[in-house]
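As written, the chains take the letters A, B, C and D, and residue 1 is the first residue of each chain.
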Amino acid sequence: MSDDRPLSEADKALATQTAEELRAAALAAAESLPVDVHPPTLFDVQEMELNFGPQHPSTHGVLRLVIRVDGERILHTLPDVGYLHRGTEKLFETETYPMGIPHTDRLDYVAAATNNHAYCLTIEKLLAVEIPRRAQLIRVILDELQRLSSHLVWLGTSGIDLGAVTPFWYAFREREQILDFFEEYCGARLTLNCMRIGGLPFDITAGWVERLMEFVDDLPSRIDDYEQLLTDNRIWKKRTVGIGVISGEECIEWGVTGPVLRASGVEWDLRRAQPYECYDELDFAIPTRVNGDTYDRYIVRVQEMRQSVRILRQCLERLPLPPGEFRGKVPRVIKPVAEEVYASIESPKGELGFYCVSNGTNRPYRMHVRPPSFINLQALPRLAKGHLVSDLVALIGTIDIVLGEVDR
Amino acid sequence: MKVLTPTVLTYLKVVILVAVVPAVVGFVIVLAERRLMGFMQARLGPNRVGPKGLLQGVADLLKLVTKEDITPARAEKAVHFLAPVLAVVPALTALAVIPFGPAVRIGRIRTPLWVADINVGLLFLLAITSIGVYGIILGGWASNNKYSLIGGLRSAAQLVSYEVPMGLALVSVLIMTRSLSMVEIVLRQERLGLWFVFPGLLAFFLYFVSGVAETNRNPFDLPEAESELVSGFNTEYSGVKFAFFFLGEYAAMIVISCVAVTVFFGGWLPPFPNVPALDFLGVVPPFGWFLIKTGFFIFCYIWFRSTFPRYRFDQLMALGWKWMIPLALANIVIVALAVLLTPGRSDGMFVLSYIFGGLFVLMFLLAKLRRKLARRERLAAVPASAPEAT
Amino acid sequence: MALKKWLDKLTLLDLFDGLSVTGRHLFTKKVTIQYPEQKKLPSDRFRGMFRLDEERCIKCTLCAIECPINIIYIDWHNEKTPEGKSAKVLDRFDVDLKRCMFCQLCEEACPTNPKSIWLTTKTYEMAAYDRNDSLYLDIRKLTDWRAAPNVKPFTVVEQG
Amino acid sequence: MAEETPPPVPPPSDAPAEPAPAAPAAAPAAAPKAAPPKKVEATDASAHPWVESLRSGVAGSVISAKEFARQVTVVVPREQVAAVARHLKDVEDFRYCVDVTAVDWRDREPRFDVVYHFYSFSKNDRIRVKCGVGDGEEVPSIAEVFLAANWPERETWDMFGIPFAGHPDLRRILTWEGFHGYPLRKDFPVEGIDTGAAVYPEEWPEGGGPAPDDPNRKTVS
């Protein structure tokens, strides 16, 4: 990079300020509890502290934001997470490697397959096992189905955040079908537990591919419907264009990954940058936009759904090899070498990584999750600054957080 | 039958209006809204209570009435109690001047289907509906809740702003009718053989959009904005008081629809009342026509709600002050010029009808063109293939 | 696409476009499933209610070991059979269903063929008013659901 | 469908997403999607160009370096962490701080490892930096270097009790202020501890569940 100090000085000041300001805001909030000094005049700036969540319809779970507003304009945002903390990382340490997989389902609970995948990939890297090609293809299919379903949930809920109730139902109608496919494959709809270290628990059932192909052929027209409802809609555009603009450089500085990063013009997708499984032989594009606002993030996600359809189609065409190996040669008791490894995949939300430290026993000594939602969420105060309360709702939606993953 | 003097009849009508409208709201509109929204969202909507869900309104009402009525600590108790009443009463009062139909004869009694035909009907309507905003503002303020307060404030600004284009839109109708009496407005349309929606297309559009804003309905439902303000001004209301707010909102919706029908769509008149070829439309009684038209507007409310996202507060204000009010003023000038510059008393209205009708047709043609363009754009937006490694 | 932008701005057609989608769906087929009357057929691999076959079980306790949250409790003792062999006899086989996350690792761990413990029963109606009592399955309830009145068996019960 | 279609294999795009200036010697390591590593032994990586660069750029910064599964790990002294991060960001172009976490080696001295992952877009590769930290010792915060490290550092403080010197807002993040103990330390029980956080002790007594005299309480054996 020629520009090794990416942020301009003003941007940098704004960005570094935020954390200090948050602290100052917290202190000021404690001190400036209502004291009747004099009745405020009409033209005084009257700051108000608003407790946004944890029980709030559009915080997507139990996120709490303490915001200071002047009228409706946001001066400070102080995210408070942890309401859903379940100590997953601690749980990993107490259990053998395969027993950790069901726990990963509960991190990003709208995208369980990608969590399973990242976890299994990490252990496989530690074991240096190769997984059969059939398993690779099915894993990619499951991943992309999961990406579709996660983006559909995002589309529906962020539509509702901005008052458009109908896309939610359409999106969930399609998601329901995707969950049916999951159910047929692995028996569960949400907490899938659908991958195993070294491969997969099952082969696909008869007719699954054909039915999935039918669905995949149908999907683009459904996506057209959502776009017809929202993409050109002037109200939708007014609510999203220019809201929460963040540059690519700043995204990198904040560690923001996934569609948010790509909407800011950085064409970086782990499926392409560090291909895992068989992504390197698949033909797909990485949708990017340049403005980095909420509208662009919407467009990027919708386009990603279309790309997922393409990937699915290719995988399904390649799949009907004779049914064969779907699980690599993994010992029954998994005891990796005492080493450490980090592996990550492109989850629907961004870079989902697992950092595993083994001490040679059958349990991980330390298993750390690098959750994209958590890291992305820390840019929220930066995004929200100066916007209105209504925009805050749009911004929480646009980062696409899942609190199960933020709090772990 | 000396008992049923006109005075008694009027009281009777008032009772019917006050008793019937809530019933209609409960049974028909709530159900229609939920079922229709369900249909538009590819689901069925409530269909469990009673046959086809017809008693859903009763169930909702029973639930609301039996719920605990909570007043928050440190709320302004009196105002908190008064606010829902203030939201309902003006909306119901406004119905008094709506002519639902011409005089009807029941047995030997002949009576018009309106409570009062006052000569400042339209003015009365504007005045009385604007009182309804106090209910929302006071409710939001008295709840001792910041979300409610923001909701109330938004509501105040919104209703004050949209009152103006609404009134201005109706002024252009006044120019055409030269009367404020609601009955006279309908009769004038009958004499003219022309619904005012044709010469007043722009006025109707402005009126209806302002009306949607006035009733806090999507896409202008900012005061309650469920996903932002957690229901806004009525967050702290439950039970009967909440039911009153609910009723007030729906009654206001009915009033706006009724006024739109009366002023722009010829009230109880069938379409094109002067065209003899359309006489068969007379099978539907006048009151039936009124109901059909009002129903259509309420359907539009529901349709909008299920389709559009919500405006942001500042955008709403900008829309009101920068677009609606100038347009409404311009519309007044256009209508006034048309009326002044044409020889006959009603020629101007026909000229305007042709102009607006032509524009309307043009819009439909443009719609086709636009759809084609949109499809092309969407296809172009999909990256066709993986870019070569850069 | 300047033309389209201009058209949108002038004529509100973008809004009518959206209205046409919802208007169209007014008449499409509805996807609601009227639940208690209509039911979706769970797939063959659907992970539902537990079932245990005491005959097949070899008391190896692998399922209890593999369970990530340790909700399977097994006690057994040795008994002499009439033939003089020693055989394991179950004293206790409990599943604390209220904590179960239906991951199917126990079924996977089971070494018998067909499986002695399995979840692919398609039964998912297990709602109960008292979770400590009704959602705690002892061996009696696991082998015969009549002992667990809150479990409504799916009509077809797959064996293992 | 049944016939086997040989997939048209496009060339793997082994170039990084962003135009990269010459990244000397990093190229072989950066090639993604090589065959999975066959070796399961870590190798010494002291001669790795990044390690060399680090050694020359920040004096006395490299204690040891190893490579496992094509992932380079550099162990640095605790005091040098901020300088190392700055060097990696400015000189070696590791602009994206992936994660900060820690490992508790209960019986080892120093007790903790603080682990940083950095990613370079131009090299398309990650580097892992570790430093040993004793109980109660401070680590210089890199939140000034990478804004992304803000919350992960807070999380590490919350979970392990490792203080980061110079962090702008070092508060607990997943647990609450006033929580006793550090959950991810090895001596913290998995069952949890009594946090003393009963909100309404008169209604919800210790151990949870309805109060003994609650009429709604059902006796459960």
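One rule holds in what follows: a residue touches a chain if its C-beta (ideal position, glycine included) is under 8 Å from a C-beta of that chain, and two chains touch if they have at least 3 such contacts.
Quick caveat: nothing in here was measured; it's all calculated off a predicted structure.
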Relative to chain A, chain with the most remote C-alpha centre: B
A-D or B-C, whichever has more C-beta pairs in contact: A-D
Chain whose Cα mean lies nearest the overall Cα mean: A
Length of the line joining the C-alpha centres of chain A and chain D, rounded to whole Å: 19
Interchain centroid distance [CA atoms averaged], chain B/chain D, Å: 58
Chain B-chain C separation of Cα centroids, rounded to whole Å: 49
Distance from chain D to chain C - Cα centre to Cα centre, in angstrom: 36
Chain A: positions in contact with at least two other chains: 91, 166, 170, 173, 228-230, 232-233, 235, 267, 272, 283
Of all residues in chain D, the ones touching two or more other chains: 10, 13, 17-18
Touching two or more other chains - residues of chain B: 40-43, 306-308, 374, 386, 390
Chain C contact footprint on chain A (complex, rising order): 91, 95, 98-103, 105-106, 166, 170, 173, 176, 180, 183-188, 191, 193, 201-202, 205, 225, 228-230, 232-235
List of chain A residues in touch with chain D within their complex: 1-2, 4-6, 15-16, 19-20, 22-23, 81-82, 85, 87, 89-91, 94, 124-130, 209-210, 252-256, 266-269, 272-275, 280-281, 283, 314, 317-318, 320-321, 337, 339-342, 344, 351, 353, 355, 357, 365-366, 368, 370, 374-375, 377-378, 407-408
Touch list for chain C against partner chain B, complex: 1, 3-4, 7-8, 11, 13, 15-19, 21-23, 25-32, 34
Touching residues on chain B, where the partner in the complex is chain C: 36, 38-44, 303-304, 306-308, 363, 366-367, 369-371, 373-374, 377
Chain A contact footprint on chain D (complex, rising order): 1-2, 4-5, 7-10, 12-13, 16-18, 21, 32-33, 36-42, 68-69, 71, 73, 89-90, 93, 95-99, 101, 103-104, 115, 117, 121-122, 124, 126, 128, 143-144, 146-152, 155, 159, 168-169, 172-176, 183-184, 188, 190, 192
